[in-house]
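Just so it is clear, A, B, C, D and E label the chains in written order, and each chain counts residues from 1 on its own.
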Amino acid sequence: MEITAIITALCLVLGSLLGITGGIGVYRLPDFFTRLHACGITDSACAFLILSGLMFQTGTSLETVKLLFILIFLLITSPTSTHALAKAALNSGETPLMEQQQTQQKREER
Amino acid sequence: MIHLPHLAHLAIWQVLFPLLAAPLCLLLRSGRLAWLIATLASWASLAVSVLLLRTINCNGPLTYNLGGWPAPWGITYHVDALSAFVLLIVSAMAALVMPYAAKSVSREIDVENHRLFYALLLICQAGLLGIVVTGDAFNMYVFLELSSLSSYALIALGKRRRALTAAFQYLVMGTIGATFILIGIGLLYSLTGTLNIQDLAVRIALIPTSAVGHRTLITAFAFLTVGFSLKLALFPLHLWLPNAYTYAPSVVTTFLAATATKVAVYMLLRFSFSILGSRFVFEQLTLGKIMLLPSLAAIIIASLVAIFQYDIKRMLAYSSIAQIGYMTLGISLNSHTGLMAGILHMFNHALMKGALFMVMGAVSYRVGSVYLNDFRGLGRRMPWTMAAFVIGGLSLMGVPLTAGFISKWFLIEAALETGWWSITAVILLGSLLAVIYIWRVVETAYFNPLQEIEDDEHTEAPASLLIPLWILIGANIYFGIDTSVPVDMASWAASALLEGTMR
Amino acid sequence: MELFIDITLLTFLCITALAITVIRKLFCAVMLAGIFSLLSACLFVSMDAVDVAFTEAAVGTGIATVLMLAALNLSHSREKCPPYQPLLALLVVCTTGAVLVYGTMDLPAFGDATAPIHHHVAPRYIEQSQQEIGPPNFVTSILASYRGYDTLAETVVIFTAGLSVVALLGIRDRRGGQSITTDRSAMKGYLVLRVVTKLLLPFIFLFALYVQFHGDYGPGGGFQAGVIFASGVIIHSLTLGRDRTLKAFPQRFLTILATAGVLLYGGTGLAAMVRGGNFLDYSVLGATALAGQHLGIFLVELGVGVTVFASMTLMYYAFSYRKEA
Amino acid sequence: MDSIPMNVSGHFNYWVAIFLMMTGFYVVISRGNLIKKLIGLNLFSTSVFILYISLGKIHGATAPIASETFHLYSNPLPHVLILTAIVVGVATTAVGLALTARIYEQYGTIEEDEIRIKDESL
Amino acid sequence: MLEAIYGASCLAILAVMGLALLRAVLGPSAFDRLMAVNMFGTKTVLLISVFGFLTGRPDFLDIALIYALVNFLGTIAVLRFFEGRKTPACYDEPAEEQKE
């Protein structure tokens, strides 16, 4: 078996695992910001691993370039939208769970 | 006469004139010029349809391969007797409505929308013509949507806010209808692998049918019928029509009332006769019996509802539903005479409803609205307009020497042929009800005292409204006396349909 | 494997559809509708309809969602509880569904290569289109040449939609003396977004051009390219402010562009008639039939792309300018 | 996976497409909210597209773009038809949305029954 | 060998899509849904890419590219149209929810 195939397989498996982790995180975590972190972090890493894994299979061709473009596009847009989302949520009054707990604690201390 | 490269291209010019004139309208800076372009295009289109009719009369059906690809692979235009006849109706109405539009539109539509309005009207016309002239089932769907889409916008351009809700309702019901048609076409396609109408007919005939008939074929036909019934506002599915016709600008109502439902009837005829064949449709699927009841219900109930309307445009809209009932009744009688009466009524109804809605446009041009009260004393103020209303109304009732009489006559003859007296009674009852609702308007216009003072505003409508109106009224009388042309055409189209081939 | 993906996607579709019926927040319903169309696009890919998937993604997920959000922005975002139990509706729907299921009984099985649908007209497209027309993408050949007339009508449909929306909503250029920097519609608070957008826009337009001119060889073509171009403009307008966009692409310019696209398509057809062929018969346009087809398809796709771009952008303008008009 | 017998998978696709269609149809006719109706229309037509594309699929075939390694292609004609239909669908949606926006301006609501009440109170 | 890996990745991505879909359906806040939709979109891009390799026709990556673009567009549009609106548009209103 070729070395590229092994690299591809590794990348894909790793990427998929990361993706599933993110999916579970998004489904299970308690509040918006924790879910967003699960989604945001794994999204980019998963996309990076899977797409670069695929790139090893295309050699040098138009497909490689396309994959590269998709990768760059995702790597730029995905964090951007996550950032914008978090900002919008914060702006419109959503408070992170931790902050809520802290204020609650303070109130209790008082 | 417009110069045409050669006669072979006639069929495509039919659609191309309005279709390509529409974008041109937008390029112009002024609404007047757009109107001029629109009028010229519609006249050119009328000339083409007359030429087409003559060509077909002499040489038989005409086929035109778009893109040069032969029938099942490319889209073809196929013009036979029925389609030439409907083409004539549509393009003649458009050619009359366009000159009429100049004044009416300037009163009813905002100035900045004039160019858009004419462009949309032309696109609507192109869509309707495209449906009729095409020989390809899917192409028919696309043009159907083209005409529907532009008519939604046209209706919504009406002055009152209810025009918007009316247009929305029409949009929802029209889209459901179109999607049903899409499903039907898809099922037919899946059975045969072709979309060309003639080819479909050939290949459907080859499908082995068991005793119960082919289930997919029946379903396809059911969906097509429901879809077309929605589009042609057959009785229980007519809900979109009264509002749409009432609140649309007068020009739009005139055009749509005279053409859109006719084209829907055409589609129904085309699919049930040319594709599936009259024997399959009537004997196996009993379309006749299915259609009979809604048609009769439409004639009576819609006429009754019309009597109680105070908005005269709405009254005429309900009357349209009743008249559509006559057309489908003719079809459902499943005989040559009945079919011929139905086709003839398409033509005559276009003439009379076109004229009556033009009267509404003229009245609303002068008076501002068309409630029953507004008609008081109009008999003296707008003598020509109201005279036109009376003659149009007589034609609607089916009084001898008007066009309406002829189609009713043939309809009764067809009903008598089947031996069902009750149907004849219903037809006569429908006419009687028409007498009542027309009489209400006539009475108000001629016998009610004049409203207050006579100001200069309320005088006769301008000539550009009256001339197209009286051309239509003249046609109503002319075709009531000299019946040979439309009757021959309808009879020819009916026999072609019944033979199941696109002759 | 493919079957499994197919079934999973269908299940997801069902879940989404049911959620849409239940959910009352229109905003969420719109987002779910976006997911629905994304999922159906995936399904199209798995059923080999790459061009359809391309279009569905660009149109259903992209433009339709944006327009719906824009319309929602102009109105309420919450649906009222229906005042009655829609039993009649349920009955109608069940009947229709039952009839349809009955109708599928005699359909050939899914994926059956012997079905009549694959044997009458379609084989010619697959076997001969490369000799007759040229492009390796059969869909492009059929779309632009065999059934080119449908595509003309389709172009006019989108043109009509643009006209209708403009006629209904109107676009008022309120810029007047106001300077661009005070445009409130720009996303001022999102610096990262603005910078990223500026960075990405050239590539989006480049991609649109690639899709436009590569449509013969892969999925894509004029329609998709027009939509992508319009998406780029919409992104520009969303983040950097619509007045700036309107300055770059004025309404009059877009109107002319939309018109020009339709006329280019129609004109190509007319040119064929002048050269002695039928309407839209591209073979007569070039020295050889193949060259003519190539030229014809190129022009026609260009016309489609231009019209779609201009109409979509006009529609977006109309919605975006309505609020304060 | 292909070991699943044909008669199970044979019409599965069609039936799910029909179910989706009917869900969309139900939303259109049972909901009074205009935007919801349009979403329903979208669902309805998209599901019809799924039905069409299902009809064109051939097992073991590939996308209808010529390639040296493949010789069995799915039927391209439904794809072309649906491309056109998608455009028609989005055009209708756009016009419907424009109408909705205008209706909201005029009536202050996009619920069908409230609109009816406002019309009758005139 | 690689076929199996591609298949497994497809399955994994589908699973993630399912989880994201659930989040989009369940909510509770609009931002949750938006995030889920965004994630769903990204995963769709990956699914299409891997699927192309699975079926041996990787030349359709354009589709994946347009999905990425459309996803970005959608997120921006939502943010843009609802940034001005504070809570009412975007949040569940428990009181009203109970009424239904």
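Structural remarks
Throughout what follows, contacts are C-beta pairs under 8 Å (C-beta built on N, C-alpha and C of every residue); 3 or more make two chains touch, one makes a residue touch a chain.
All values reported here derive from a predicted model rather than from experimental measurement.
Shared contact partners of chain B and chain C are D. Number of steps on the shortest path from chain A to chain B, with steps defined by chain touch: 2.
If you compare B-D with C-E, the chain pair joined by more contacting C-beta pairs is C-E. Farthest chain from chain E (centres taken as the mean of C-alpha atoms): B. Taking each chain's centre as the mean of its C-alpha atoms, chain D lies 19 Å from chain E.
Averaged Cα coordinates give chain B a centre that lies 47 Å from the centre of chain E. Centre-to-centre, using mean CA coordinates, chain A is 31 Å away from chain D. Mean C-alpha positions place chain C and chain D at a centre distance of 13 Å.
Along chain C, residues 1-2, 4, 50, 70, 72, 100, 104-105, 107, 115, 117-118, 121-122, 125, 147, 150, 153-154, 157, 160-161, 164, 168, 189-190, 193, 200, 207, 218-219 each make contact with two or more other chains.
Residues of chain D in contact with two or more other chains: 21, 25, 29, 55, 62-63, 65, 67, 77-78, 81, 84, 88, 91-92, 95, 99-100, 102. Residue positions of chain A touching 2 or more other chains, listed in rising order: 69, 73, 77, 80, 84, 91.
Pairs of chains that satisfy the touch definition comprise A-C, A-E, B-C, B-D, C-D, C-E, D-E.
Residues 7, 10-11, 14, 17-18, 21, 24-25, 27, 30, 33-34, 37, 40-41, 44, 47-48, 51, 54-55, 59-60, 62-63, 65-67, 69-74, 76-83, 85, 88-90, 92, 96, 99-100 of chain E touch chain C in their complex. The part of chain C that touches chain B in the complex is made up of residues 99-100, 102-108, 115-122, 124-125, 145-150, 153-154, 156-157, 159-161, 163-164, 166-168, 170, 255-256, 258-259, 262-263, 266, 269-270, 273-274, 277-283. Contact residues on chain E toward chain A in their complex (touch as defined above): 1-2, 5-6, 8-9, 12-13, 15-20, 22-23, 29, 31-32, 34-36, 38-39, 42-43, 45-46, 49-50, 53, 58-59, 61-62, 64-65, 68-69, 71-72, 75-76, 79, 82-83, 85-87, 90. Contact residues of chain C toward chain D in the complex are 1-4, 6-7, 10, 13-14, 17-18, 20-21, 26, 29-30, 33, 36-37, 40, 43-44, 47-52, 55-56, 59-60, 63-64, 67-68, 70-72, 74-76, 79-80, 82-83, 86, 89-90, 92-94, 96-97, 100-101, 104-105, 107, 109-113, 115, 117-118, 121-122, 125-126, 130, 136-139, 142-143, 147, 150-151, 153-154, 157-158, 160-161, 164-165, 168-169, 217-219, 223, 315, 318-319, 322.
Residues 21, 25, 28-29, 34, 37, 41, 44-45, 48, 51-52, 55, 77-78, 81, 84-85, 88, 91-92, 95-96, 99-100, 102-103, 106-107, 115, 119 of chain D are the ones that touch chain B when the two sit in their complex.
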